[in-house]
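A, B, C, D, E and F label the chains in the order they appear, each numbered from 1.
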Amino acid sequence: MKLSVLVLEGPYNHEASDSAYNFIQAALAKGHTIRGIFFYDDGVYNATKLMDPPQDERHISKRWSELGAKGIDMIVCVAAAKRRGITNEVLVPNIRISGLGQLASMIDEADRLVTFGD
Amino acid sequence: MKLSVLVLEGPYNHEASDSAYNFIQAALAKGHTIRGIFFYDDGVYNATKLMDPPQDERHISKRWSELGAKGIDMIVCVAAAKRRGITNEVLVPNIRISGLGQLASMIDEADRLVTFGD
Amino acid sequence: MLHTVNKSPFQNSALENCLRVAQKGDVILLLEDGVYAASAGTARSSLIEQAVKQHTVYAIDADLKARGLGNLIKDVRVASYGDFVDLVEQHPVHAWL
Amino acid sequence: MLHTVNKSPFQNSALENCLRVAQKGDVILLLEDGVYAASAGTARSSLIEQAVKQHTVYAIDADLKARGLGNLIKDVRVASYGDFVDLVEQHPVHAWL
Amino acid sequence: MAATGKKVMVTVRKAPHGSIYVQESIEVMFIFATYDMDLSVVFMDDGVLALHPGQDTKGLGIKGFMASLGALVDWEVTKVYVDRQSLKERNIAEDAIISIGKDEETDAPIRPKVLDSAEIAAMMAVQHSLVSF
Amino acid sequence: MAATGKKVMVTVRKAPHGSIYVQESIEVMFIFATYDMDLSVVFMDDGVLALHPGQDTKGLGIKGFMASLGALVDWEVTKVYVDRQSLKERNIAEDAIISIGKDEETDAPIRPKVLDSAEIAAMMAVQHSLVSF
């Protein structure tokens, strides 16, 4: 199965980002394909490399970046990101900024979309 | 009257940030003193200079920075900021990063605390 | 004391939670999505219809206008942000987030 | 279809909203704070007690454990994230955020 | 991207102005409409409050999105629905909700179509994907 | 900062783990306790779920904050209350809620004190400031 995932909330503040990550790991473990992960609304905050959580806590943007390194298409919505100060200079590797049209493509080219938010 | 204000949510996504700003403007117009404004939880996102909203929209961090320029003590919680990637390099002028002890002082030295959040 | 409620009464229990604890004579200020509770004739109007018997209830004018709300429950008072400041001057405030 | 609910039934109307629209045979997955609805003997247990008559109801195991919930409403099934993936494979999904 | 005509539904369930979700859902509708999906939009629960007449956000210092909502039809977002019970619970008259465009010939306002929850449920059941706000 | 002994209350009304508010409220309690305020803490509404026994967040990949809650008394956060009705509605037995420390002499667990809403209301009414999560 080919899946796309939409993340609507930022890291740490809401569990949405963790649920999405845990879901995606389980999907990969079952051999499914992730067509793409799209970050929208406050979800764009997931992509900042500047986050620096306590040592004994998960590092959410690093975790996403590692998924991106596996070749998963990971996109932050440009309009939502501009409003919130997520720019190319603070972006973690393997996530890129693009338009909502990419979400349309992710939906179109996947068997399912799963949305995580608040 | 001496007031302190606590902001718990980020800009644009929730009205909390706008309500706090409108409340503070009204308090200043009435001649009250703002002892301090403290940004906690997702509220720390209010302080990034990288936000770049559409031209015809309010610029929330610029607005806060202008209040700071008037001498109001404006503080972003260091622990909440680290987790979320708000560092000195992205901070708008006139807002500084410090600890929760500053919130205690703001409460102690004000007649009232007003909290805005979600 | 002053209680602020900023949640829609259709979606969130904040207003009910507040009314359970608020004491007779306490003031309640509705703001943001909380102002939907001030609307007359809805499935949740009874909350504020009851509340005004024990409390002075205000709703922020700019929030009402933003949401197109004009048909308000009797005895709900419309407040500017300046009125909000005056209420804070008179009372310690608890935000029912 | 698969409906996901991630809100506490004590604070938010999402589960009620979902149950009003869900069709007989639809699957409901509780996750995050939504799993509190699976707890037995609470003031909101009746929602899921009714729901299991028409729907298969799952609750995410890791979310139950995080919240210390073990005393669940009869017929609620415990699901891993892997089970969640299987459910998504079988059904289009609507998230009641 | 190739147009495959897949059925996609956007649901709007949150109240406007207290949070940005309604506004960002409209941006999604506009873009999706250009993708030749078979797009439906449903306002339900607090989302129907976005259709309340007479909204004016000037006093908040917020631009708002009433102009965008009023232009949905111009942007070819035409299958727009609203849940009857949600309107009723919020005391919004079905014929008072804001228009999302005008009929090209008669200039009559076009409003979201009011549906019962069973009709919405049936429509949800046949979607390829659902995006919710 | 000078200690003025002002009465400050922290209220916790949100459920744990679905959002970070409970965790960040505990950080506030720890710091405030070092400021010689007259600090009270009240768990009510969904906030009482933070006191549910047996919480284990390992499966979420989240550290959690149970250790911090269990150390409130050690950090001199001692006036900790919980709303009776909120516990009842959520089927949490009053004697099952997690302990926030141990009695120095008897080693007995110290639990938040269960109050009725009228008692909470009376306590709120005399605060200098209230911080809510």
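One rule holds for everything that comes next: a residue touches a chain if its C-beta (ideal position, glycine included) is under 8 Å from a C-beta of that chain, and two chains touch if they have at least 3 such contacts.
If you want to know which protein each chain is, UniProt gives these names: A, B = Sulfurtransferase TusD; C, D = Sulfurtransferase TusB; E, F = Sulfurtransferase TusC.
Everything numeric in this text was worked out from a predicted model, so none of it was measured.
Student: Give me the set of chains touching subunit B (Sulfurtransferase TusD) intersected with the set touching subunit E (Sulfurtransferase TusC).
Tutor: Both-contact set = A, C.
Student: Compared with subunit B (Sulfurtransferase TusD), which chain's mean CA position is the farthest off?
Tutor: Farthest from subunit B (Sulfurtransferase TusD) by mean C-alpha position: D.
Student: Among the chains, which has its CA centre at the largest distance from subunit F (Sulfurtransferase TusC)'s?
Tutor: E
Student: Same residues or different residues: which describes how subunit C (Sulfurtransferase TusB) and subunit D (Sulfurtransferase TusB) meet, taking over half shared numbers as same?
Tutor: Same, since most residue numbers here occur in both copies.
Student: Determine which of the two chain pairs, C-E or D-E, is joined by the larger number of C-beta pairs in contact.
Tutor: Per the contact counts, C-E leads.
Student: Hey, how far is the Cα centre of subunit A (Sulfurtransferase TusD) from the one of subunit C (Sulfurtransferase TusB), in Å?
Tutor: Centre-to-centre distance between subunit A (Sulfurtransferase TusD) and subunit C (Sulfurtransferase TusB): 38 Å.
Student: Mind checking the centre-to-centre distance between subunit B (Sulfurtransferase TusD) and subunit C (Sulfurtransferase TusB)? Centres are C-alpha means, answer in whole Å.
Tutor: 24
Student: Taking the mean of the C-alpha atoms as each chain's centre, how many Å separate subunit C (Sulfurtransferase TusB) from subunit F (Sulfurtransferase TusC)?
Tutor: 27
Student: Residues of subunit B (Sulfurtransferase TusD) that touch two or more other chains: which are they?
Tutor: If we look for residues of subunit B (Sulfurtransferase TusD) contacting two or more partner chains, we find 8, 12-13, 15, 22, 41, 54, 57, 112-113, 115, 117-118.
Student: Could you tell me which residues belong to subunit F (Sulfurtransferase TusC) and also touch two or more other chains?
Tutor: 14, 17-20, 45, 60, 62, 128-130, 132-133 - these are the residues of subunit F (Sulfurtransferase TusC) that touch more than one other chain.
Student: Among the residues of subunit C (Sulfurtransferase TusB), which are close enough to touch at least two other chains?
Tutor: Where subunit C (Sulfurtransferase TusB) meets two or more other chains at a single residue, that happens at 6, 10-11, 13, 32-33, 62, 92-93, 95, 97.
Student: How do the chains pair up in terms of touching? List each pair.
Tutor: Inter-chain contacts occur between A-B, A-D, A-E, A-F, B-C, B-E, B-F, C-D, C-E, C-F, D-E, D-F.
Student: If we count contacts the way the header does, which residues on subunit F (Sulfurtransferase TusC) are in touch with subunit A (Sulfurtransferase TusD) in the complex?
Tutor: 17-20, 60-63
Student: Please name which positions on subunit B (Sulfurtransferase TusD) make contact with subunit A (Sulfurtransferase TusD) in the complex.
Tutor: Per the stated touch rule, the residues are 10-13, 41-42, 45, 48-54, 57, 61, 82-87, 89-90.
Student: For subunit A (Sulfurtransferase TusD), which residues are in contact with subunit E (Sulfurtransferase TusC) within the complex?
Tutor: On the subunit A (Sulfurtransferase TusD) side, the touching residues are 6, 8, 40-41, 79-80, 99-101, 103-105, 107-110, 112-113, 115, 117.
Student: Okay, in this complex, where on subunit B (Sulfurtransferase TusD) does subunit E (Sulfurtransferase TusC) touch?
Tutor: For subunit B (Sulfurtransferase TusD) paired with subunit E (Sulfurtransferase TusC), touching residues are 12-15, 18, 21-22, 54, 56-58, 118.
Student: Could you list, by residue number, the parts of subunit F (Sulfurtransferase TusC) that touch subunit D (Sulfurtransferase TusB) in their complex?
Tutor: 14-19, 45-46, 49, 52-60, 62, 64, 88-91
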